[in-house]
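Structures are listed in the sections that come next.
Okay, so chain A shows up in both of these, paired with chain B first and chain C after.
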Partner chain A sequence: MIGVARAARSFRSAAWLGWSVDTNWADPVTIGTLLVVRPLAATMLLVLIFEVARGTGSADPRFAHLYVGTAFYTILGATLHAISFVVMDDRERYETIRVVATSPVPLAAYVAGRGLSSLVNSCVGAGVILAFGSLALGLPLRPAGLLSPLFLAGFGLGVASAVGLAIGLAGVHLVTARHHYLLGESVAGVLYLLSGAIFPIEALPFGADRLARLLPFTYWLEALRRPLVPEASACSPTLAAISDATLLAILAVSSAALGAGGLALFRACERSARRRGILDARTDH
Partner chain B sequence: MTGRPSPAVVFARAAWGRAYVRVVGLNRELSWIVGDTILPVLGTAAYLLAYRSLGAPRDFEGFVVLGGAMTAYWLNVLWSLATQLYWEKESGNLEIAISSPCTVGALLAGMALGGLVSTTLRAGTIVAAGVLVFGVRFDLSEPLLAGGAFLGTLAALYALGAAAASIFLVYGRAGWQVAMLFQEPVYLLSGFYFPVSRLGRPVAMAASLLPLTLGLDALRQAACPGGRAEALFPPLAEVAALAGLALVFGLLARATLRAFETRARREGRLTLRWQ
Partner chain C sequence: MHAIETEGLRRVFRRRRRGLFGSREDEGPAEVVALEGADLVVSEGETFGLLGPNGAGKTTLIKILATLLTPSTGRARVRGFDVESQPLEVRRRIALVSGGEQAGYGILTVREQLWVYTQFHGLPTREVMPRIDAALERFGLADRARSKLSKLSTGERQKMNVIRGFLLQPEVLILDEPTLGLDVSAARAVRVAVREWVREAPARSVLLTTHYMTEADELCDRVAFIHKGRLLACDTPDALKRRVSDRTTYRLETDAAGGPSGDGLLDGIPGVAATASTDPAAGRTRYVLSLADEGAIGEVVSRLSAGGVRIRSLRSERPTLEDVFLAATGEGLGDGA
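Coming up: the complex of A and B.
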């Protein structure tokens, strides 16, 4: 019980620290602009790809499939990068990881908390993308879907899966050199391709759709699309055939597995790093 | 007793020394090669499959592959040239470089040369994967034009990167965040994954101040079936404009590096970390 309370306190303090690091270099308007411009530009790029390829406008269910998938993928990408990169940032750049490691702070809770502000920021960015799509591009979004049990439970479980995976990747960073700083982005890149974020998984070549069916994030995006734009769900017959309850069950199991697995991997890597004396070792080129 | 080497010799030696580190670093860390080759293919493959799943004409697949290849150069300029002085400052190397007889410009030239090696590997892998794995077709009917467009783009792009690098002599995280701000918007404005003419002529013309906008458009006209039909300007005019941009950005880089170095020295920011 004391351990849980300590982890919660560490998480809260680390979240405040991460927020400060992310936002104390400029005024809120500048930071807010930056938060929105990048994901919006990435989304507009896909909107233009859609227009070039089909030119059928936002009423086409494929547009909604691509748009909503892109909006929510930004959360996954940001979470994987931000949480896993905390280790590199604090070990190599600010050189503060030794201070954290020698204090009574559970390192995994600290790492998760330190990356929380990026997760929150990416959620805001996703919200802005959806609002822009609905108001400016005519995306047929059902706002009531945001309060549906499928969306709320699916969102929470998917984010938990992403955080679990990111903590595992942060653990890998503890025992690898700076050369591998792109690990979070690399995994996010694989998931971008395989999770059906911008095209139905049936379009994947070389039988890669089988891999897609093993990824929780494929089901996560489906659970978020379905309440918001039900027509978009039909783009992927494989996923459309799965019931809401089954989607949530898959997400519940995967988030539990990724959460427990990520934490176990992090702890194993932390033990290894401490034993080998490399926890705070800078790895300049 | 030998005489002091001329500034040109010092420049060349410093540039070579900095380039050497980059190339040797690549060879020492083989995992980088995997990271530099397989990972960039993933993003390009995602856009390519998006076009394919939407039933677009196959000509656009070549546009995507060329855009993906040029992405490698844009990321190299943004993160390994424009922001490099920030990283050097953070790691404590900048003060060593500044207190040596070489100029910051020489260091940047070396970074650009060294970075070109790994970046060309990435770009080549993307094109090879596009052709061999995804069956994308190119029509290199005008190789001289393609070569001119490619070299002109790189010259203008790296000169722009050197000009942007001066900002990091003065600014810290704020400059870094601004660099982040440019990544995706430039993908959009330069038409990395779609013909830039589809942005509409006024926007596309404004975006032509970015070397990659004109460079990609010219390359697509020279190497992609359907490139001429989606062109913004005639390709020779674009190559000429790229040469002009290279000259302008080169002069701008020279002036801004001097001005910002002087300012950074005066304000004591050259050795300021974590600002």
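Coming up: the complex of A and C.
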């Protein structure tokens, strides 16, 4: 219990820190860019590509599939990158990791807390993308779906899985040099393709759909699309055939597994880093 | 209870040929023994100095005590807790500050940054804020309290990190070359603060590494030399100096006093060996006196006065820690010593 309380307190302080360091609240232009312009710009690019390639309108369920998938994927991408990158940032740039590592703070809780602001920001960004799609592009979004148990529980479990994976990646950063900083983004990029954010998993080539079926994030996106845009969910018959309860069960198991696995990997890497004395070692050139 | 205890502490670094981390030099030995069987005891209330040149193994020992690095073999305990099996207990009781440290977030103010550090140790905000302000005041950073770290000079940032060490209220303060790169007055402020801090409460101890022998001499109750990973002589600075020589040397300059040995004025004083050289051009005689007992200097002075010789200057020349280090290792301490 004392351990949990300490982890919670560390998480809180680290979250405050991430909030203050990664989001410059004194500068409204930066905030606006971060929360609105950047996510929208990325999504617009995709919308354009879709329109050009298909010549069909936003009523096409495949458009809704892609649009909603991409909106929520941004949260996964941001979480994986932000939390794992804390290790690089605090070791190489701010040089504070030594202070944290010699304090009684559990390092994994610190890393997760420090990345929280980016996670929250990306949720706001995803909301902006969806609102824009609904209001400006005629996306057939059912706002009531946001309050459905499938959406709420699915969202939480999916984010928990993402945080678990991100903590594991942060662990890998503890034992790797600066030039591996793209790890989080690389993993996120692969997941973008494989978890059915853009294409329905049936459309994936080379049997990649079998991989897709192993990824919790595939079920996560389905659990979010289904209540919001049922037509889009129908694009993937494989996933559409899974019941709400099964989707949530899969997500519950995956978040527990990724949470425990990510933490175990992080701790193993932390031990290894302390054994090798590289926990606080800046990469030299 | 001892503040720090190590037994046969040894650390070997293996050079990784194809590691993910670090440089991939193929030159040099495959193994570096950074620490070779260090046995050390730092008592409660003590300020203990580790004095040695660059590469001696100081930081390696410090990192092991701060749980940043595990020993290859041997044991280390801080306040009775084992650094390997009870690292959390150790981290609760230490604060580590390294010289030249620039840690911090440019966007935070000095006050905010220091507050964040105290939160990692679970200190209550209400108690911490007045102490932050007091510490900034005494280190001459009061006017910087609300400046962003990005606006601080490197010296100011380093001072802020030294302040962190005191604020965390450790039982054992670990300072790795704390004055490295600080200007003279900032370095003095740090030394004064260390001395006062350790006296404020009886359970506080300081382990300090340095390659500045005056720093070790001035600040430390006891000093150990470290050289090529081995701990050599360990004692109070005075006792160490007595080891090189139990005699005291004086240099004395007088108006030319006749013959080469000052007319033999100083012959036959018990426990005093004198050599003299006269510089006729300058009209001076210079004596080098080696005294078995410092008290004998009184007899020297009265003999010269009685002989009508005017003393121009007199200074005692004690061995420094550098001399002791030289005697122990055959090597100097390197720059700045």
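What we mean here is this: the second predicted complex is superposed on the first by the 281 of 285 C-alpha atoms of A that agree within 3 Å, B and C clash if a C-alpha of one lies under 4 Å from a C-alpha of the other, contacts with A are read in each partner's own complex, and residues count from 1 in each chain.
One rule holds for everything that comes next: a contact is a pair of C-beta atoms (placed from the backbone, for glycine too) under 8 Å apart; a residue touches a chain by one contact, two chains touch by 3 or more.
Not measured: the values here are computed from a predicted model.
Participant: Touch check for A:Tyr94: first (chain B), second (chain C), both, or neither?
Facilitator: In the superposition, A:Tyr94 touches chain B and chain C alike.
Participant: Quick check for you: in the superposed arrangement, does A:Pro200 touch first (chain B), second (chain C), both or neither?
Facilitator: Touch status of A:Pro200: first partner only.
Participant: Identify the partner contact of A:Thr246: answer first if only chain B is touched, second if only chain C is, both if each is, neither if none is.
Facilitator: Touch partners of A:Thr246: none, neither chain B nor chain C.
Participant: Considering only touches as defined above, state whether A:Ser186 meets chain B (first), chain C (second), both or neither.
Facilitator: After superposing on A, A:Ser186 lies in contact with chain B but is clear of chain C.
Participant: With the two complexes superposed on chain A, say which partner A:Trp16 touches: chain B (first), chain C (second), both, or neither.
Facilitator: Second partner only.
Participant: Which partner does A:Arg38 contact after superposing on A: first (chain B), second (chain C), both, neither?
Facilitator: After superposition on chain A, A:Arg38 lies in contact with chain B alone.
Participant: Can you list the residues of chain A that touch chain B in one structure and chain C in the other?
Facilitator: In chain A, positions 94, 180, 284 sit in both the chain B and chain C interfaces.
Participant: State the interface residues of chain B toward chain A in the complex, per the touch definition above.
Facilitator: Spelled out, the residues of chain B in touch with chain A are 21, 25, 29, 31-32, 35, 39, 42-43, 45-47, 49-56, 60, 90-91, 134, 172-174, 177, 180-181, 183-185, 187-188, 192-195, 198-199, 274.
Participant: So in the complex, the part of chain C that touches chain A is made up of which residues?
Facilitator: 13, 20-23, 60, 63, 66-70, 88, 91-92, 94-96, 98, 101-105, 107-108, 112, 116-117, 119-122, 164, 168
Participant: Can you name the residues of chain A that touch chain B in the complex?
Facilitator: Interface residues on chain A, with respect to chain B: 25-26, 34, 37-39, 41-42, 44-46, 48-54, 62, 66, 93-94, 179-180, 182, 185-186, 189-190, 192-193, 197-200, 203-205, 284-285.
Participant: Going by the contact rule at the top, pick out the chain A residues touching chain C in the complex.
Facilitator: 6, 9-10, 13, 16-17, 20-21, 24, 94-96, 98-105, 110, 175-177, 180, 274-281, 283-284
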